[in-house]
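Chain nomenclature is as follows: A, B, C and D, assigned in order of appearance, with residue numbering initiated at 1 for each chain independently.
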Amino acid sequence: MQRIAMLGGGFIGRFYADSLHGQRSRDKVVAIYARREETAKKFADDYGCSFLSTNMEEVIAHPDVNMVCIALPNNLHAAAVELCAKHKKNVVCTKPLGRTADEALRMMQLVEEAGIFGGYLEDLCYTPKFLKAMDSVRNGALGRILWAKSRETHPGPHSNWFWDKEQAGGGCMLDLGCHCVEIARNFIGKDVKPVEVMCWAATQVKPIEAEDHAIALVKYENGAIGQFEVSWTFRGGMDLRDEVMGTEGTIWINSFLRTGFEMFTTGKGADYVAEKAESNTGWLFPVGDEVNDLGYNHMFTDMFVSAEEGRPPAETFYDGYIVNAILDAAYKSASTKQWEPVQLPVWRGREGLTQETTLTEYDADHYLIKQEMTHDGRNKLILKEKATGKIIERDLA
Amino acid sequence: MQRIAMLGGGFIGRFYADSLHGQRSRDKVVAIYARREETAKKFADDYGCSFLSTNMEEVIAHPDVNMVCIALPNNLHAAAVELCAKHKKNVVCTKPLGRTADEALRMMQLVEEAGIFGGYLEDLCYTPKFLKAMDSVRNGALGRILWAKSRETHPGPHSNWFWDKEQAGGGCMLDLGCHCVEIARNFIGKDVKPVEVMCWAATQVKPIEAEDHAIALVKYENGAIGQFEVSWTFRGGMDLRDEVMGTEGTIWINSFLRTGFEMFTTGKGADYVAEKAESNTGWLFPVGDEVNDLGYNHMFTDMFVSAEEGRPPAETFYDGYIVNAILDAAYKSASTKQWEPVQLPVWRGREGLTQETTLTEYDADHYLIKQEMTHDGRNKLILKEKATGKIIERDLA
Amino acid sequence: MQRIAMLGGGFIGRFYADSLHGQRSRDKVVAIYARREETAKKFADDYGCSFLSTNMEEVIAHPDVNMVCIALPNNLHAAAVELCAKHKKNVVCTKPLGRTADEALRMMQLVEEAGIFGGYLEDLCYTPKFLKAMDSVRNGALGRILWAKSRETHPGPHSNWFWDKEQAGGGCMLDLGCHCVEIARNFIGKDVKPVEVMCWAATQVKPIEAEDHAIALVKYENGAIGQFEVSWTFRGGMDLRDEVMGTEGTIWINSFLRTGFEMFTTGKGADYVAEKAESNTGWLFPVGDEVNDLGYNHMFTDMFVSAEEGRPPAETFYDGYIVNAILDAAYKSASTKQWEPVQLPVWRGREGLTQETTLTEYDADHYLIKQEMTHDGRNKLILKEKATGKIIERDLA
Amino acid sequence: MQRIAMLGGGFIGRFYADSLHGQRSRDKVVAIYARREETAKKFADDYGCSFLSTNMEEVIAHPDVNMVCIALPNNLHAAAVELCAKHKKNVVCTKPLGRTADEALRMMQLVEEAGIFGGYLEDLCYTPKFLKAMDSVRNGALGRILWAKSRETHPGPHSNWFWDKEQAGGGCMLDLGCHCVEIARNFIGKDVKPVEVMCWAATQVKPIEAEDHAIALVKYENGAIGQFEVSWTFRGGMDLRDEVMGTEGTIWINSFLRTGFEMFTTGKGADYVAEKAESNTGWLFPVGDEVNDLGYNHMFTDMFVSAEEGRPPAETFYDGYIVNAILDAAYKSASTKQWEPVQLPVWRGREGLTQETTLTEYDADHYLIKQEMTHDGRNKLILKEKATGKIIERDLA
C-alpha cells in the first residue's frame, strides 16, 4: 500500500487524486501540501487527507508518507525532488520533469544518488490505447517504424502559472510537447538515439511571451522521424491523436474527441462535459472515463507496483531528462532556424545505428517496388532491374 | 476488502478475475469452483487462489469467502444462489439472472429472505460511456426519452453450453438481449413499467435449435420504446452500440468496434486482438482496455462498495428479474406473433403513467411545429392554428 | 437531351433542378408549373425556364417538353400522371409514388397502358454509396443477405403540407419509410416477395394527427428481414444510415451526419450548413455535395439514359407500387398490432422461396458452428455432432 | 460543348475521361494521343474517340479539337503546352504543372502570350468537401487561419515512370506535395505570399533514387503555416486528410479512408475496391463515387465554364507555377537543412503583410486570455494585467 503525499492541490493534483482513490484502490493520499492554506484545506476535505501543510518539507518528511507525488508548477519540481532525496522518500513527478535538460538531469542524479524510487508521470504513455498500440508495435505488427506523430492541441491550460514563462519555463511546447516527444520515442524505440530537431514555434494568438503553437521533427539515429504538433490556440476541445507508420502497418489513435461517444443536446441540463470542452450544446464528444482513458490508472499501477517490486517503472526520471533534452533542442531550433543536435551528456541506449535497407527480391533479376490491382482490373507489378536500375511494369495474368 | 469465491473458471470467470485483480485492487479471488478439476487448477494457478474445489457448496461455505461470484452456465445460477442463501454469503450473479422470470424471481426472493447482498452483474450498464450517458439523461440534456435502442451482435459465443438450448435456456436473445433490455430500461427510467413486447426471432444461419437473430420492441407505460437487436450471425467482430432519442437530444454510443483505435497490419506479429474479433490482418479496431471499457471495473466497484455500505447496488436481483420478464414476453411474442404483455407479479415502480404531451406555444393563436433555415436562405416557421388545427407556413424576416 | 417540365416549385422541385442543371448537363428544365404564380415566376427566373403556368395541363402538354418531373404534394401525383398519360409524355415522379398501393397501382397501369416512360424518383437508391454497396452485394461479398435496416430520422419536413394528413396521406412513415423500404428491398433482392409486416407507430411529440415516429419489420419470403426506423422527432440533424448483415459480411453506410467532414466554429460567419441541420455553431457535419451524395445525379442519369434507350430504369412505377403496398401493411399493422400480410394484386418476381440452410461440414461426423482464437490463446472449435445433435468443444493445436 | 483531345491514355487519362463522360455530360473526348499505339487504340475503343494517333502534334492540331487535356508524365508537359500555344488550342494540364518553377513559369508565359485558356488540373482543390470548407473559411467561420495541413500518403503510384526520377522530376513530394501545397495555400489565402520552407525528405523504404517520404512547413508572410505530409510508404490504402486551424474554428476533412462507407467481408466476390486499397477482405472503406469525391467533376465544370465565359478558372497555370516554386524551395531545404526562401520572379498577390494581433479586451485593465468551466464546477477567467503584464486568475460567480 502506498501512503501518498500530494504536493500541489490544483487541477492536476486533484486529477491524480481522483485516479489514486478510484475504483477499489488500496492506496491513499494521506497528506497534502499547497502554497495556499485554503487550497490545502479544500483538498484535504475532499480527499480525506489526515495531514495538510503549507510547508512542503513537513509534508514530505511526514512519517506516514512513503511516496511523494509532485503536482506543482514546473519551476518547483527540482526543489521538491531535492527534499525527497534528503528525506529518502520515493517520488513520482508530473510532466515535464524539468524546465530544461540540465534541471532534469540534476533531478535524475539526486534520485539515483539517494537510492530512492523516481517515476516520471507521463500519463499519455500509459493510456489503454497507447499500451495496446505498443504491444502491437513490439509484436512487429507494424514492421520497422518510419514515423510517429503525436498531436496535442486545445484552447489553453487551466491555471495562470502556465501562461507565465518564468514559472512554466516555456509555452505549449514544454507543456504539451513533452507528452508528444515521449509518445513518439516509445514507438520508435527508447534505445534509439534522438539526434537532431527542427522546430517552428510562434505566438500566433495569445497575449503571452511564450509560444502558443509549435511543430517539430525529431530525427532518430536509425532514420525514423518523430513529429509533434502542439498548440494552445485550437478550437473545438482537446485534440489528442497519435499516428504511426511502419513498413508493415499503421496505427491511428484518437484519445479524446472521437472515442465512440456522441451526444447532441439543445442545452437543457448541460453541465461539465470534459476537460477543455468548449461548448455544452450541439454535438459533444465526451470521453467515458477521463482518469482511465488519459492513462492515470495504468500509470499509478505501474509506478507503485514497480516501487514495491524494486524495479524501474516504464517511465523514469531518465526518460524525463531525455524528453527535456529533445525539447531544449527544439527551442534552440525555433530560434536559430537550424536543425539542432540533441545534447545528451548521459545516454544509456544503443549507439551507431544506421537506416535499415528494405529491398524485396522479386526474382533473380528484379527487386519488387509494388504490386497492385488497378481499377481497370490489371494485376500489375512495378519492378526494378538489378543490373540497370531501370524501373519496369509487368502485368500478371 | 472482498474475499471472493468464483464459481466457474471459463471465459467469463477469467474476465471477471482480470477485473477483480486489476490495477491496485484491494479485493482478492480466494477460492474457485469449477466442474472440471483441471479448469479449477488452472484458474487457481493463474489467479493465485488458495482454495479450489469441484464441490460448489464447499467453496461457497469456505470461511475465507465473504462474497460469491456466479460465473456459471445459466442453468446453474439458481442452485448456486440457493447455496449462498443457505450459507448467508453475499452473492453477485452474471447475466442473465435466470432462464425465465419465474426462476429469477425465486432467486430474488431467496436473497431477500436470507438478508444477503444480491448484485446483478449487468456489466454493460456500468461501462464508462453508459454511466456518462446516464448522467446526461438524468440532467435532462436529452429531455423526455422517446426511444432507446441497444444492439449487440457478434459471430457467436465462446463456450459450447451457449449453443445448447437446454443449458442456456435460449439463444442470442437470452444471451445478449438481457444486456440490451436493461440498457434501454435504464435510459427510459427504471421506475417506468414495461407493458408489452413485440418480437421477431429466427434461426437464420447456425445449425442450432435456439434463435441466432432477434429484434424486439418493448413498450413502456409512458409511451417510450425500448428496442433490441441481437445476433450470433454478425460478421466483422462484436458490434455493441446504443442509441437514445429524446425531445431535446440524442446519444450514440459505440462500445467496441469504433472507439478511436485503428490499426492496419499486413499480418506480421499479429496475435489476440479483441473479444470476438474475426481477423488479425487488414484494418482492425481493438478497444484499449476491455475490462474497463466493458464495465467490469465500475461494476465490481459499485457492487462491493454497496455491499460494504449496506445499500443496494445500481443493478439488483430485482432488475435481473424484470429483464427476464421482458425476455419471457419477447419469446412468447416471437412464437404467437402478437404483442405480448410483460407479466410482473412483483412491480416496485410507478403505475398509471401516460404519455406526456409536448405542445410548444408560438403565440396566442398558434402552436409551433418547426422553425428552420432553408437552403435558399429562408427562416421559416411551420405553425398549427389552435382554433382550426390548420397547418400554415410563415417566413420570418 | 431532355427538355423537362417541372411540376412544383417548392423545396424538392428546386433540389431536383439543382441536380438537373448541375455540372456539364445537356438537359434543361424548360417549363415550370406551380400552384402559386409567384412561386412559378421565381422558379422560372432562378432556373431560366422559358415557360411557366399555374395550369398543370398546359405545362405538361407544352410542345417543348419531352419529360415531366412530378415534384408535387402526394395527393396530386395521380392527377399529374393521368395528364402525362393523356398527352403521352414521359414522366418521372417523386416519392412516395402514391398515398396507397391502390393509387400507385393505378398510376403504374396508366403509364403502362399509355406506353410512356415511368420512372420512380427514389433518390436514396441512387446514392453513390448505395450503388457501390449494391455492387458488393451482387458480387456476393456479403453472402446471403439476412437483414437490411435503413434509418431516416430528422426534426421534420420543410413544407406545411407534409404535416397535414389529408394532403400527405400519412406521417413520417409514408414520407421517410418509402425510402427505407426500397433500400432494404434492393439489398434483399427485388424479386424476393415481401410477405408480412409488423409495425409500431406513434405521435410522440408533434401536435399532429399523423405518426411522428415509426419502426417496422418486413419479412420476405426467403426469411430475410427488412427493417425501418423513421422519425420527425430526431434532434441533431438528418440521420441517414443503412446497415446490412449477410452470412459473409456487413455493410454500414452513413449518408449524412458522419461523412468525413467535421467543422467546429464559434459561430462567426455561419450560414446555411446542410439540409435539416439544427445548429450553426459548435461541431457541424455538413456533407460535401448534397445533390450528388443524396443520389439525385445518378438518379436522373439512369432515368434519362433509360428513357433514351427505351429500357426501364432501376426504379420504376412498379417499384413505387410495391413500396406503397408494404407501407399499407405497415399502417394496418400499427393499428391492428398484428403482423399484416402485404397485399400484392400484381407481383412480377419469384414465388415459393424458402429459407436457405447453411450447414458447414467440418468432417464426416460434425458440422462446424464456430472457430475462434480466444484471449487466452486457444484456437477453439465448436462443433455439432451429426448423429446426436450434441454441441462439443475441441481445441486445435 | 468541349471537344477534347486527351494526351496520355494511362491511369490518369482514363480517370479524367470517366469524369468527362460521366453523368449527362455535354462534353466529349474526341481524340487520343498515346506514346504506344496499343494504348491509344484501347482508349479510343473504350471512350469512343474518333481520332487517335501516336503523333502528339497531329492530335493537338486536329480541327475537331477545341480543348487539350494533358495527362502525360511530368517531363512531357512543357512540350505539349508549347504545341497547344503554337496551334492556339485551349489547354488544361494535370498536376504538377512542371518539374520545377522555371519550367512551369515558361509554360504559363507560353499560354499567356498565345492568349489561350490555361487550366491547372488540381483536382483536390475541387473536391466537394474542399469547396464547402473554402466557403466556410471565406465566410469567416474559422476566423483568421493559423495553420493548414494536408496529408496524402499511400503505398505508391501506379505507373513505372513515377518511380524514375528523370521522368518524374522528383518523388512523392512532387507527385503528392503539389496537391497539399495548393490546398493549404487556398485555405491561407492565394494572395498571401509564401516566404520560406523547411523540409525533411528521405528514401526510407523503396529501392529508388527519389524521396518516398517528406514533411514540410511553408511559412506565409502573415505568419500562417502550411504543412504537408506525403509518402509512398503508407500501409492501409490512400490517406487523404486536411486539417485547418483558425482563431474561431477548426476543419477536418477525410477524403478517402473514412467517408461513411464501411464494409466487412470474408472475401467472397471481392473485386476492385478503390484506388490504392491494399486488401479486399476484412474491413474495407471504399468511397462512394471516386470521380466526384476526388474533385474531377467540379474541376472540369469550372475549367470548361470558365473557358466558355472567357474568365480564368479557380486553378490556373499561375497557381501551378507558385506550387512548383514552393516545392523547389522544399527540395532545396531538404538538402541544405535550412529554411529556404521561395523564389518568385513573378508574384501577383499582396506584399508586406504582417501577423495580425488578436488582443481581446476584458475590461479597462485586463486582456482576456481564457475563460472556461472546470471539472470541479468553477467558471474561471485567466486575465493579463495591461499595466504589469502579470497573468492572474479570477472566478466568476
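Going forward, a contact is a pair of C-beta atoms (placed from the backbone, for glycine too) under 8 Å apart; a residue touches a chain by one contact, two chains touch by 3 or more.
From a predicted model like this one, the values you see are computed outputs, not experimental measurements.
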item: Size of the rotation, in steps of 5 degrees, that lays the CA trace of chain C over chain D; value: 180
item: Chain separated most widely from chain A, comparing mean CA positions; value: C
item: Centre-of-Cα separation between chain B and chain A, whole angstrom; value: 35
item: Separation of mean Cα positions, chain D and chain A [Å, integer]; value: 33
item: Between chain A and chain C, centroid-to-centroid distance (C-alpha), Å; value: 48
item: For chain B, residues contacting two or more additional chains; value: 235-236, 248-250, 264-266
item: Residue ranges of chain D touching chain C (in the complex, touch as defined); value: 23-27, 127-133, 136, 139-143, 248-255, 258-271, 286-289, 292-293, 297-298, 300-301, 304-305
item: Of chain C, residues touching chain B in the complex; value: 11, 14, 146-147, 153, 155-156, 158-161, 163-164, 198, 200, 202, 204-208, 213, 215, 217, 219, 223, 225, 227, 231, 233-236, 245-250, 272, 274-276, 280, 290, 337-339, 355, 358-359, 367, 369-370, 372-377, 380, 382, 384, 390-393
item: Touch list for chain C against partner chain A, complex; value: 235-237, 264-266, 278-279, 281-285
